[in-house]
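Given below, in the form of structure tokens, are the structures.
You will see two complexes here that share chain A, one where it goes with chain B and one where it goes with chain C.
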Partner chain A sequence: MTASMSQCLMQMVQTDYQMSDYQSEIAPRWCAGCGDNAILTAMQRLCRDEQLPPEKTVCVSGIGCSSRLPHYMNAYGFHGIHGRALPIAEGIKIRRPDLNVFVTTGDGDNCSIGAAHWLHAIRYNMNLTVLLHDNQVYGLTKKQASPTSPKGLKSNTTPYGAALNPLNPLSVTLGVANVSFVAQAVDWIPDLLYEILRKAHQHRGLSFVRVLQRCPEFMGHRFDDWVRDPMKMRILTHSDGLRLKPEVSRVYKNQETHDPLDMPRALAIASMQEEIPVGILYNDPSVPCYDDLRAGERPNTPALVKTVLDEEFDKVGIWPDSADPAGSTE
Partner chain B sequence: MQHTPIATGNASAPPMSVAPLRPALLARYAGLEELRYDYPLVLTESMDGQHLFRPLSRIIDNVLRATATPGPAGEALRQQVLRLEMRIRHAVAEGQEGRLSDLWRELSADLIRQSGEAPFGPLDTNLDTARRALKVDGLVIGCDAGTPGKVLTHAWEAVHAERARRFRKRVDGLILRLSDILKSDFMKSDEAHGPKALESAMGAHRDGSVDFGALSAVLARARPEDRIPNDRVERIRKVLAVLKCQPFYAPGRASHFCANRRETYSYTFDSCSAALDALRERLPDVLDFTKALTIAELEVENKYRAELHDPIFEQFDESDLTSDQMGLLPSSLVFLRDGVTDPTEITRAFEALASQLPITILIQTDDILGATSPEPPRASLAAGTARLAAMAMGLNNAFVLQSASAHLYRMRDRLVGGLHFDGPALFSIYSGATATAPGIPAYILSAAATESRAFPSFTYDPTAGPDWARRFDLSDNPQNDVDWPQHDLAFEDAIGQRQSESVAFTFADFAVCDQRYARFCHSQTRVEWTTTMVPVCDWLKETGAAEYLHKPYVCGVDPDDRMVRIVVDDKITEAARRCNDAWRRLQELAGINNSHALKLLADERKARESAARTAEPPAPSMVPVADVQAPTPVVASTAIDGPEVTPDKTSDDGPWIETARCTTCNECTQISKSLFAYNENMQAYVADPDGGTYRQLVEAAESCQVSIIHPGKPRNPQEPNLDDLIERAEAFN
Partner chain C sequence: MTSDGRQDFAGTAEFRHDPDPTPSRPRPAEVLAESIVEIVSDSGEGAQRCGQSLAAIAARMGNGIWTVEIIPAEIQPPHRSVAGASGNRVRFASGPVTNVGDAADLVVAFNEQVLLSRLHAGEIKPGGTILIENAWQNDPDPAIVAAYAKVVAGVRADGYRVYEVPMAAECQKYVPDPRKGKNMFVLGMLCAIYSLDAEVARAQVRFIFAKKDQKIINANLELLDAGWAWADANLDLKYKVPAPPVAARQVVMNGNAALALGVVASGMEVCAMYPITPATSASHYLSSIFEKVGCVVHQAEDEISAATFAIGASYAGKCAVTITSGPGLSLKQEALGLAVMAEIPLVVIDVQRGGPSTGLPTKVEQGDLMAAMFGGHGDAPKVVMAVSSIEECFYSVITARKIAETFNMVVIILSDASLATAQQPFERPVFNPDWLAPPINQSAVPEDAKPYDWDARTGIATRFIPGQPNGMHCLTGLAHDRDSHVAYDAAINEEGLLQRSRKLAAFQTTLRLAPVFGGDDGDLLLIGWGSTKGAIEEAVTALRAQGHKVSSLHLKYLQPMASGIDAVMKRFGKVMTIENNWNDPKDDPLINDDNRRLSSLALLLRARWLVDVDCWGKARGQPLKPSAIMQAALAKLETAEGEQ
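Take a look at the complex of A and B:
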């Protein structure tokens, strides 16, 4: 199959996007030391390496520290309302399948107020890349317990310590029908964060990436043990999944070969307590996407919409004797 | 050469008008209407492309499978539905034509009336149950002179409708996205913010409670730099107009509002000249449309650059049309009929087939034998209409299908494949409705044409692969590895015993069906049979004297179904030889008895035999055994074994950062912008070790969230409190 003429002509237009092309005029206003910066950088690296045109890229977010990300990306953005990032992103994707849609959401945004949308977005499996920035606390409002806060966390809403066990976003996602891509990354291994993000973007369907993210301001030394001891990080590798660069592999020697289609093992990995797994837990490219299933035979051009509406109205229309219904419907 | 007619009483009798001599093998198909064969065909209305047409018997079988349960009740239903099927079959044979549902309704009413049963009786109920299980509907056609045209037109229309859907999806998608661009541009304009636009956005029920002027005044003013450049807007508008007003396909369900919309082009023609002329006339429109389509595709991707692309589109002409673009537009269907169409059309047909244009040509032949000398010559398309398809294969870029009507259903997949073919295609179809063969149904005659190799079924698909083996397909012919297909003929002998004999169906069998050839046939009843008579297929293999001593005959039956031997003249045997020769040529193309292969095989055998004679023990193996060690599989060794990469540590105990682990958290760059900087991946490195103080380095190392900053040794010994700093730096070095 030869390339079509328009493809050839598009080749003539060379693009050379740099990191700076994805950096907005506003400098990030996250606290110094915040893990969100690493996620933003990884995303900008991905855009540059894949040469995603900024005008064809959309970042959608809800509310929270994480959800400030669209402001710092020089692309289209939608800073939505609390918990509603996913429905907005789905709307964008179904109307404009040509866009690269990223969703950035936080543990509070996604797992608390937006939990219902989260489950259904996974079930719909539309072609989106979802990044769950999980710092296990409400940071923007200065420390309240979130659904993923560890038990016993003293916060403004739980002065005697959080009473409940935290929710595990990985196990929940893996348990929903039509799940097609689940991965976990940490902000303190940027190389892997970038690699996982790249795999997530290449996946066709909803790719859910939970990024464990340090909050130096309110969660102090929450992840220090894991940051300092590479052996407490379990890196998931596979020929169909993540492949490690030598320099990463030398530091993170605790590796496991995990088949991304092995759901029972993925569930076991997701609920690890002592070690933090990093890599692709589950990846099934055969799950159908809602946007493909619902892609109509004809696009809804204004002309088609008008015709269909007219047809519907005509079914219940009453025509005066003098009027000719055929003439007025075209 | 034998020419003398055999002395029999009826040798000079006038030819019979009804039921003349028939080949014995056709005797069992006398009452064709009673048999469940591939006809009547139902041209199904569902346009799924899978089952464009199906035999009535298959449809009825499916209905019975769904409704007739095992047991007496189911058996009754089965009998009744089969009786109805027989009625439809008879009605179609008598020339009735209609949709299956209409015929079903009409004929089942007749059946019920004649049975004397009351409405809603068991017969009515059963037929109604079966009718509910009828999933398909469409025109029911028999096998006659109109069949090839109807089947091909139906299939072409289905393919055309599929193309139209694909076209609309692509073009409407572009229209939608281009309209979106214009609309979003308009929304940034002053007009869109003006009181008038705001007012109209409110709809019809305005009560004056909103002051649109005031509302407009508080809205943000349009900024000229947000607007799309005028030339781009102009270009998009032009492209939209062309896409919306295209004349190639009807707009379908959506009515496009286009002031100068022209009538949709018709793509069915009855001559190649008309088709070629029309394509030439429409070329400017094709170019305009293709240009607009390409520009639209560039525009929606935001990849149109006037300085690069304008010159290309200015020079755009027909040489730039690609098959991808042509494949989007409709293909033309031309229907030529041997004996009806002007014979000069055949040259235009070959011109079209030699081109790359999407033209589908159907040549229907009703007579493949051609006239014998005393008759007036016909206006035939070419000397050998039966060879047109074989000739077209020589052009090499056209899809070619040859088939008789009777085989159309078996060839359906390849028929549809040919209609999907992007270039020119030729369908040569023999209808079997030869006027000079009365008393033999068109279905039987067309099947006999395939059986006798007079009109073999084959396809040639240039896109199927690079070689003949994949492009050419002869597999639809009966027993395609032999000269003539053999069949068992069962008959009753003189003393009433069942006998069976293997008989070949040859070209001569086909020829004796034709009245014009009756002059060259001599029927011999059993008493006249002699030992010098040999079947035609054997006679054709004979050479020399035997050829003159023996008389070739065909097993035939007379109108009373009594077996006769029809001795044939050399007029027929010569034609049979030519037919056999053409068949063998086709076989060779299909790899059957290929002469090159046979020659190589014979040479190889000879070489081996001589080698075996000279060398005492034969070489243990002619084929070299792969004794090379299997190459060790190259397994991607785990990354741990990878080459050691020297860390970006400097040798002189200077400060350094594990850049790859940096999380871009800005801690260090906030401490000193000159000391630390970000690389192209937005990860920190020591930009200038002397750009800051050792204190700053140590503080950065302490505040780094992932502890990747190593301050090294102080570079400036004069710095205050060095001892304390060195102690603090220890933890990070």
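Take a look at the complex of A and C:
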């Protein structure tokens, strides 16, 4: 009794986590003005506000600038290999429902080399929060066009301009079976970034958040028009979705009430060219989750393993002549 | 009565009192030490089931058995085609059987084209016995009548003993579609020819149709009896392969089933896989039982995600497994490098097939040894072990999981297509709770502990598992220091390489070399690995009986290798590996000592121990046969000292 009380007290003391409890001893090494810094701060705010125990929090990433994020979090981190953050995160989650698993990935990591995993991760709909840091360029390898780069982008692999139209991560995600949560945020509106991230975390299933992110080094002025003109930002609100603080609402007056279950409208919003939509495009909490569907009905125990092995051996058994087969059960 | 095989085998009074088929011309059976039987048909005519049942009946009577599936690559190959031959080879003997053996003594063919397929492959003993369906002689298509007549006349002329059997005509007395019943008729015929026990045979038929209704079971029992009676009345073939009484409880299964049960017994809880032949049947069987013990088979979207999913599961808990074949192993290589770098335990099962590329998906080759050892980029030490029997398929998974978790390493188990489908009895395993993985450690990590606190003697660091307080760190595939911080510093990089390599050396000190088979010294030592063990030892036994001083050594661990191999090699005049993989033929005019490409193990042994190791092997997609190994050994014995 005393032991459990003291444990309870200890837990109460420990659960008063501050922002600093989620900051690792390594200072972020992103470029000055990189949008990744805003995403990291939003993550740490979320962990503090939700009081997520650092030991129960896992940040998984692939390779790229965005994928350095786990190093800067004081949590369990898994900085994996290029494109494979999602299957690693799925493996982590499959037997560990107690862990809060975040995935940070980039437009090259997720939409190019890891694209197959992206589609299937949406379909599995496991309990993961996925942040696509989309700066529309390869940064870590020094400026190559990515699948989301605008047509005509001059890069080291496209010196005469990128030949193709970009892939739209929002409409692609919305088109996959079992999609359950799709949102878009931008690094230059931190309040909304945080609010969207919080909604994503609270969602049961895979929440996919594309964060448009500025790369001052290689895509310096890509989003200038939108950063300067709040009216070019379309803010999606709903009683079940984002609720805006008055100060945000005052600046970003171009708002649309959007029902997050309205898929046709979500697809139309995803395809906007002139305006950048920010908010929750789609949210269907009723979609079943693969990790729930595949959760074992009973825990793996030595007794269970013995029983099942014996059952299987019985099916293929050969018995000594002396033994009575009918009486040879153990 | 359940569908449980044991209870079916026990038989019921009803069946005990069934009259035996009465042989009309009883005659004494010729006693044989062993026999090799093949049953071949078009795909879908049930020859495989017939062969498997024959093997099961013989095994239950106490015979040693080994079965191999004869599989076309296509699901529905054209009927009556050489390429479409589907069936089973059964080798059964008075003593244990460890391999597929040489040419078949007796073959049952459902048409002349599938018979040709086996003749072309050289799988039927000269002068052997052929039983062939004779319905084709009355086929409405004159081309078929002619083809049948030509082949039958041809094999008679070549000296085979040919029996034309009215299989369809006989089966039609019992079932409307003889294609669906021939296999049980043939089973009855074979049981009669080999004097097998009628009651055991009926129990087997009841077992394989246990899920069907009684009408179907009865029809198949009638077919079995009909085949039996027909053979006794019409054939002058009567053999007996005496079986000693079964001394201990045994189980009989194929290699992939044994691997799957090994996964269950190892305590691993997650298997991530992608369908690939010939590995997939292990995952099929595992899928049917894994959930019963609270575990998951995840069919991933591709081989890479299967590997990385398993790595994620391992990282967050107990060691996980991924099961694949050659092309899948290639695709997983980058992920295996991550597991090596980050020191995450992982078991990889590679059921090898013919390669490269899509190669021979359904056929055997030991072609992946180098890929398993050195397939990834950079220095990536992994444990590589090979299984050489069905029993080893089961126990090796348990051992592999323990090695993986003790050393935080990747362990690759190499099986192959011949073990995958070969059936062999072995002593029924008795469950031991020590096989299982301990519960996931969730205790707090000491404040000053580091995630890569490498032990100076062993290189082993205790890994921190998510959920452990104070253990937070960021695991990375980048070079890292003891804190798991990214570090490009030369000394730190070198230390990581050293510690990961050191673990392999530490593990190597725990290995014991298997005893030499044959004699401790002599003129020729054959060295093998994997599924060839039985065939090599059979060849060695025969050679020694002829007075040749030949022995063999079989390696279970290929990376690292046990100490003492060099000492064994030096006790023999010549050393030659026997491998089911490619090496350049010495008699090719273009090939010389400078350019001859050697079999994998030979190359490895030469590199490590500076011993003149030769190699012999074939990569024909077939198991190596004892007679071929004998010939190769004799040829090697005849070569002069120093001559390649």
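Please note the rule applied: the second predicted complex is superposed on the first by the 286 of 330 C-alpha atoms of A that agree within 3 Å, B and C clash if a C-alpha of one lies under 4 Å from a C-alpha of the other, contacts with A are read in each partner's own complex, and residues count from 1 in each chain.
What we mean here is this: a residue touches a chain if its C-beta (ideal position, glycine included) is under 8 Å from a C-beta of that chain, and two chains touch if they have at least 3 such contacts.
Predicted model only: the values in this text are computed from it and were never measured.
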(request) Return first, second, both or neither, reflecting whether A:178 touches chain B, chain C, both chains, or no partner chain. (result) neither
(request) Check the residue A:168 against both partner chains and state whether it touches chain B (first), chain C (second), both, or neither. (result) neither
(message) Quick check on the superposed pair: does A:141 touch chain B, chain C, both, or neither? Answer first, second, both or neither.
(response) neither
(request) Applying the touch criterion given at the start, work out whether A:94 contacts chain B, chain C, both or neither, answering first, second, both or neither. (result) second
(request) Check whether A:55 is in contact with chain B, with chain C, with both or with neither, and answer first, second, both or neither. (result) both
(request) Using the superposition on chain A described above, determine whether A:247 touches chain B (first), chain C (second), both, or neither. (result) first
(request) Answer with first, second, both or neither: which of chain B and chain C does A:298 touch in the superposed model? (result) both
(request) Have a look at where A:313 lands relative to chain B and chain C in the superposition and call it first, second, both or neither. (result) second
(message) Just checking: does A:77 make contact with chain B only, chain C only, both, or neither of them? Give me first, second, both or neither.
(response) second
(message) Going by the contact definition given at the top, which residues of chain A touch chain B in one complex and chain C in the other?
(response) 53, 55-56, 98, 297-302, 304, 306, 308
(request) Using the touch definition up top, name the residues of chain B that touch chain A in the complex. (result) 165, 168-169, 172-173, 175-177, 179, 244, 251-257, 293-294, 297-298, 300-303, 305, 308-309, 312, 320, 322-325, 636, 638-640, 642-645, 660-667, 670, 680-683, 703, 705-707
(message) Which residues of chain A touch chain C once you look at their complex with the stated criterion?
(response) 24, 26, 53-56, 58-60, 70-71, 73-81, 84, 86-96, 98-99, 116-117, 119-120, 294, 296-302, 304-306, 308-310, 312-326, 328-329
(message) Which residues of chain C touch chain A once you look at their complex with the stated criterion?
(response) 4-7, 9-10, 59-60, 62, 245-253, 257, 261, 264-265, 267, 269-270, 272, 289, 291-296, 298, 300-302, 304-306, 308-318, 320, 334-335, 337-338, 425, 428-429, 431, 433, 436, 464, 466-478, 485-486
(request) State the interface residues of chain A toward chain B in the complex, per the touch definition above. (result) 2, 4-6, 9-10, 12-13, 18-19, 28, 32-35, 37-38, 40-41, 44-45, 53, 55-56, 98, 187-191, 214, 216, 227-228, 239, 243-250, 253, 297-304, 306-308, 330
